[in-house]
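Before anything else, here is the set of structures, which you'll find just below.
Note that chain A is present in both complexes that follow, paired respectively with chain B and with chain C.
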Partner chain A sequence: MSAAEFPARGPAGRAARGWILAGPALLLMAVVLVVPLAVAVHTSLYRTTFTGPDTFVGFDQYAALLTSTSWWSAVATTLVLATAIAGFQVILGFVVALTMRYAPRLRRTLALAVLIPFAVLPYAWTASWFAALDGGYLATWFGLDELGTPASLAAIVAAETWRGVGLAAVLCYVGLHRMSPRLLESARADGASLRLRLTRVMVPAAAPALAIAFGLRLLDTVRLFDPAVVARDYPGAEQPDVLGAAIFTAYAERGELGLASSAALLTVALTGIVALLVWLSGRLIARLRRRAVDRALT
Partner chain B sequence: MPSLESRLTACIAAVVGGVAVAALGLWQVPRPDTWFLLAVASVMILLGTVGILFFERAPQVSLWAALGTIGVLAVTVIPLIWVVVLAAGGDQTPATLFGGDLSGFASPLDDERFADLAANSAAAAGAATLLGLLIGGAVAYPLARGRMRGRRAARLFVWASLFIPVVALVGPWSVRLIDAGLLDTPFALVSSFLILTVPICAAGLLFVGDRVDARGFALAESEGATRWQRFRRVTVPTVGPGVLGVAALAFLAVWNDLLVSATVTVWQTETVGVWARSLADPSGQAGLLVVWLVPALAALFLVVRAADSILVQERSS
Partner chain C sequence: MHGGTRHAVKVVWAGLTALALTACVTGAPATDEGVPVVEWWTVPGHGDLEPLVQACNEAYDGAFELQLNVLSDDPVERRTSVFRRLLADDPQLDLVSLDSETTPEFARSGLLVPLSEARSEAVRETAYPEAVSAAEHEGDLFAVPFLWEPQLLWYRPSVAQRAGLDMSAQLAWPDLLAGAERAQASIVLDDPDGRVFVRWLTAVVGGSGAPLLDGAGSDATVDLDGVGGRQAVQLMSAYLASPAGSEPGSDVAERFASTGGGFALAGPSFIAHPAVQAVATDLAWAPFPNLTGPLDADVEPDELAGAVPVSGIHLAVTRGSRLPEAAALAVECLTSPVMAETLVADTGHALAYPEILADTLGDAYPLTEVVLASLEVAAPATVSPRWGAIDESVADTWTPLVELDDTVPERSQRRAEELLRGEGL
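Up next is the complex of A and B:
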């Protein structure tokens, strides 16, 4: 083979080198991620326990889950909690991002302050929120008598919101960072009020970043685990039916490996659907924004 | 420069907010928490008053930013103070934020198992982060810099991997570990942690790689810099903070993990994350949180530095 036949240089050569570099690593990454999923597919077709013999049941366990009210209740609870948490995170994160933008000297300090909850032990962090609402300072400040359902849910939402506000703030800040300062100057020169500048300039300009922040936080929060486990362990707390904790219990504590694998794969599918919805919403927001810009220009 | 209307609204918001906080402190909250809320309220009211009196003299100061800073610091600091107070409270949960005695701090360092558990966590987190960086770096570099066919699909796979529910991966993996008799071994722990670190490192390094301005490399090459000089003077300052930040994120994910460790460990390789669950009272858990947060803060500094460096690079390019 002559040198001309072997694409060592030029675009083809670069592409070949790229795949030679990335190929093995991608394969390794696929092994780390795809092999467990393949094992889950296999296990989900059997009624498998720690001790008993494996019985082939086909798709029976999927059918049982999809027709069970407790499964759909867990799906609904997970989605409602995840949406609420991601929503609060983005709203608070946007406020923090605005503060960081207008106090550039304090940017690092503020970022560090809001990111500290992200670095704490999630289990102990959530337990501290439960304690605050169960006879602790929040119960005293707001006159709460007992840890009922609303207080339990509030503890989970607050703990998880606080943990993710820092990340949401950084994502929102990236969006605000890209906003041209001239845009605001022009609006101010045109006499736009504070409310108009916020609603007509800042929020629309940061909308794609806000949508991305919400989508990313939502996808991350769908995997909610630690707070649900705390709720189960904390005496007197309401135990929300969350997918992650239910699957973990089936795997590690009840040993229902087949059923747990079916539930795990359905959860992967659910996450995929949520990701698709987030992507479609992002595209819709981008299209609406383009249309609004076109309308403003004409 | 902020407008007059904006500054006036900020001043009014500061005064009204301050009065609301003071009202909460005076009528709802017992002492000594009252003093804390009154202090916050005083700062807010003072800010609003000073803002009204002097907004002509210092127009460059954003009152909204000052108000936001007070709010952010207050809501960040209060839960952290509570954790320390709770850790010192013993069996009885303290009813107020201040006024407790810190001498009863429930330190996990007094427990004889803590050192072994911390060593397990640190070793597993270090190994999984290092392996994650190697695999993730090898995936991200060509995908960020190369122009090969199938690149978009490979990038999508990397980003999607970040959001696969961990429980869906670690559960089936634990089934194979049980079959192979490897449950509760260092191999089980590190290999399972790769489920966390590989996606974070690959996606994070891809993000960093996409934002690197390649002009610096080309310029150094054209100036005749040697390979070592290019690495030391261009690559390390440009990519270094981003790589360290990604490594810190991956490390933190493993450092604080409960799910993976609880699934693949029993006793021998148990980590601090799982041990937190076995501590019966919130006081002990809070003490553990405080002690365990100290090393994590160093990793957090790296994350903040990396985010800042990427933003500065983006702006300059």
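Up next is the complex of A and C:
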């Protein structure tokens, strides 16, 4: 492409140049995204088993899933666990972010400490929590005789929370960083206590970042899989039928590729709905904050 | 000198390539003497199959070298892993042991090598017909019956005497439970393969006439919440609540042999369990107790006697095997009358061939009489490629045992139908 053909300067030209430069990347992303989805849609229209020939069933499997208790119970389990996990991650992440922000000396050590879990193999870290609660040191501390339902759910939530705290902390840290230092200074000058500064200044200021952190962590946690696999190795443990594990079982243990594809696509749709809700609530928070600021100014 | 080195490198390189090529061409693994190595994947059990394998290797000197490998303890995992390996044409899997409940599904999969005409005929003539029909598909035989075993009632005569039970007559379950409680002894349920509850269901539902599963397609009918299914749950809850009851497991032989032990429901290989040897002088066996009992007043006691759970093992040569002939030969050896004594001596397992049991073994196998009698009134799993739905549904809904209540029959029925029709995760 010669220089003459390259879109001219100016706003219109800049937009065109943007498309040309980003085009190949967008195209690649579309291919990477669309092709597997298309394959999944195709397989989801067939009933498959290990042995039998595939039979075309149209959208029957979607309809069957949406009216089955096993699907909705998996959805409920997944959302409850994911919400709890993402919530804990953001709370702990905010604490870590505050410490990093106002205790600069600890910053590096802390960042390392909370990000290391992210680099550990998922199966390994979950198994370590299970081992600790199943006759390990945590079982001794809390006097647990056996790994019952509460303990195994605690192990799952703890393991997943531990993994994501680092990422949540980074997101919260960005939010805190964007907060104007003058806000805090004026609050201090007005004689606000530490508690008031935290609840009335820092949390509202960081609210949009916290909402984004929660949303991103939630979307990531919906894919919960490893804990369910680890739990199978502990006979006394609660076996949570989270979506990821249930879809895996349908395919890997029963050969129901079509059904698993249908469920996977429904999960994609579910993730989209969750993302939409997160986005809407983010806007709601921003609007409420603006209104509060307006009210304070008038 | 320099040129010499280069030449040496060339020679080595050529040699390596030739080696690699030979490996590719000959393919099938062999021992140092050139005997083809047949990898046999077996279902875990109580006994030791190694002596049988050694005996076959010696008897068929040079024809094959059987190698013993063991599949997973968990039946669902076992079925899945075998399927995945067969689908991938895994050459490390020449010969595979199949749970007879899953054999119809594998026989229809096109992943197994069918038997030759002559072999099929021989097998059809000698093996138990129920075991043969499980391996049949469109007129061909895809697996050879190996074991075909009824569940038995094992007891310690000293305890039975204390309990005041007449073990020479067909025993009813309520009498057995009451007797064990009187003698303050335990009744244990052996569960070496995770199928204890399906066996229990077969024993109760089998007596009522309606099969647990009827049909071969996804429109097959399930009967897990009928009279029999509900009764099976009630009986199991009552058993678990009784002082004589305890959770089924794969380690019950130790409980049976300990001081409180008295009775056990287990397959023939229980006799070869190392822990049982401690009480070998105080050990006897009887046909499976009549589980239906007086709860079902409409049915005559005579009609109930047929509910003896039966299951077995089939041997199949895999499509991916590079040594199908050697593997088929190995199967012939493993199921031959000559090897029968070695098998029962070390494993206690009952072969799927009535004539071998009755004529070849006779007194050499102490269980011959009770096994033959029990198989007369056997209730094996329905021959259907969909049996997996029953297996999985029962595994899903009957455990954990603390949650075993009257909602279980309905839940297991719904789960089985969901799995059959592919309508749920």
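Worth pointing out:
Criterion: the second predicted complex is superposed on the first by the 275 of 298 C-alpha atoms of A that agree within 3 Å, B and C clash if a C-alpha of one lies under 4 Å from a C-alpha of the other, contacts with A are read in each partner's own complex, and residues count from 1 in each chain.
Everything below uses one rule, namely that a contact is a pair of C-beta atoms (placed from the backbone, for glycine too) under 8 Å apart; a residue touches a chain by one contact, two chains touch by 3 or more.
Just so it is clear, the model here is predicted, and its values are computed rather than measured.
Three-chain overlay on chain A, with chain B and chain C fitting side by side and no clash. Chain A is touched at more residues by one of its partners, and among chain B and chain C that partner is B.
In the superposed pair of complexes, A:R289 makes contact with neither chain B nor chain C. Shared-chain residue A:L33: touches chain B; no touch with chain C. Once chain A of one complex is fitted onto chain A of the other, the partner contacts of A:A252 extend to both chain B and chain C. Contact with chain B, but none with chain C, is seen for A:A127 once the two complexes are overlaid on the shared chain. Judged by the touch definition given at the top, the superposed model places A:G244 against chain B, while chain C stays out of reach.
In the superposition on chain A, A:P117 makes contact with chain B only, not with chain C.
In the superposition on chain A, contact is made by A:D220 with chain B only, not with chain C. When the two complexes are laid over each other on chain A, the CA centres of chain B and chain C sit 90 degrees apart as seen from the CA centre of chain A, to the nearest 10. Of the two partner chains, neither chain B nor chain C is touched by A:R200. Taken over all C-alpha pairs, chain B and chain C come no nearer than 8 Å in the superposed arrangement.
Shared interface residues of chain A, touching chain B in one complex and chain C in the other, are 50, 243, 247, 252.
Residue ranges on chain C touching chain A, taken from their complex, read 76-77, 80, 83-84, 87, 105-106, 108-110, 218, 385, 388, 392, 414-415, 418-419, 421-425. Those residues of chain B that touch chain A in the shared complex are 3, 5-6, 9, 24, 28-30, 33, 62, 64-66, 68-69, 71-73, 76-77, 79-80, 82-83, 85-86, 93-97, 135-139, 141-143, 146-151, 154, 157-158, 160-161, 163-176, 178, 194-195, 198-199, 202, 252, 256, 258-259, 262-263, 272-273, 276-277, 282, 285-286, 288-289, 292-293, 296-297, 299-301, 303-304, 307-308, 311, 314-315. Residues 11, 14-19, 21-22, 24-26, 28-30, 32-33, 35-37, 39-40, 43, 48, 50, 95-96, 98-99, 101-103, 106-108, 110-125, 127-132, 134-137, 139-143, 162, 170, 173-174, 177-178, 188, 193-194, 197, 219-220, 222-223, 225-226, 229, 233, 243-244, 247-248, 251-252, 257, 260-261, 264-265, 267-268, 271, 275 of chain A touch chain B in their complex. Interface residues of chain A, counted against chain C in their complex, comprise 47, 49-52, 61, 64-65, 67-71, 74, 241, 243, 246-247, 249-250, 252-256, 258-259, 263.
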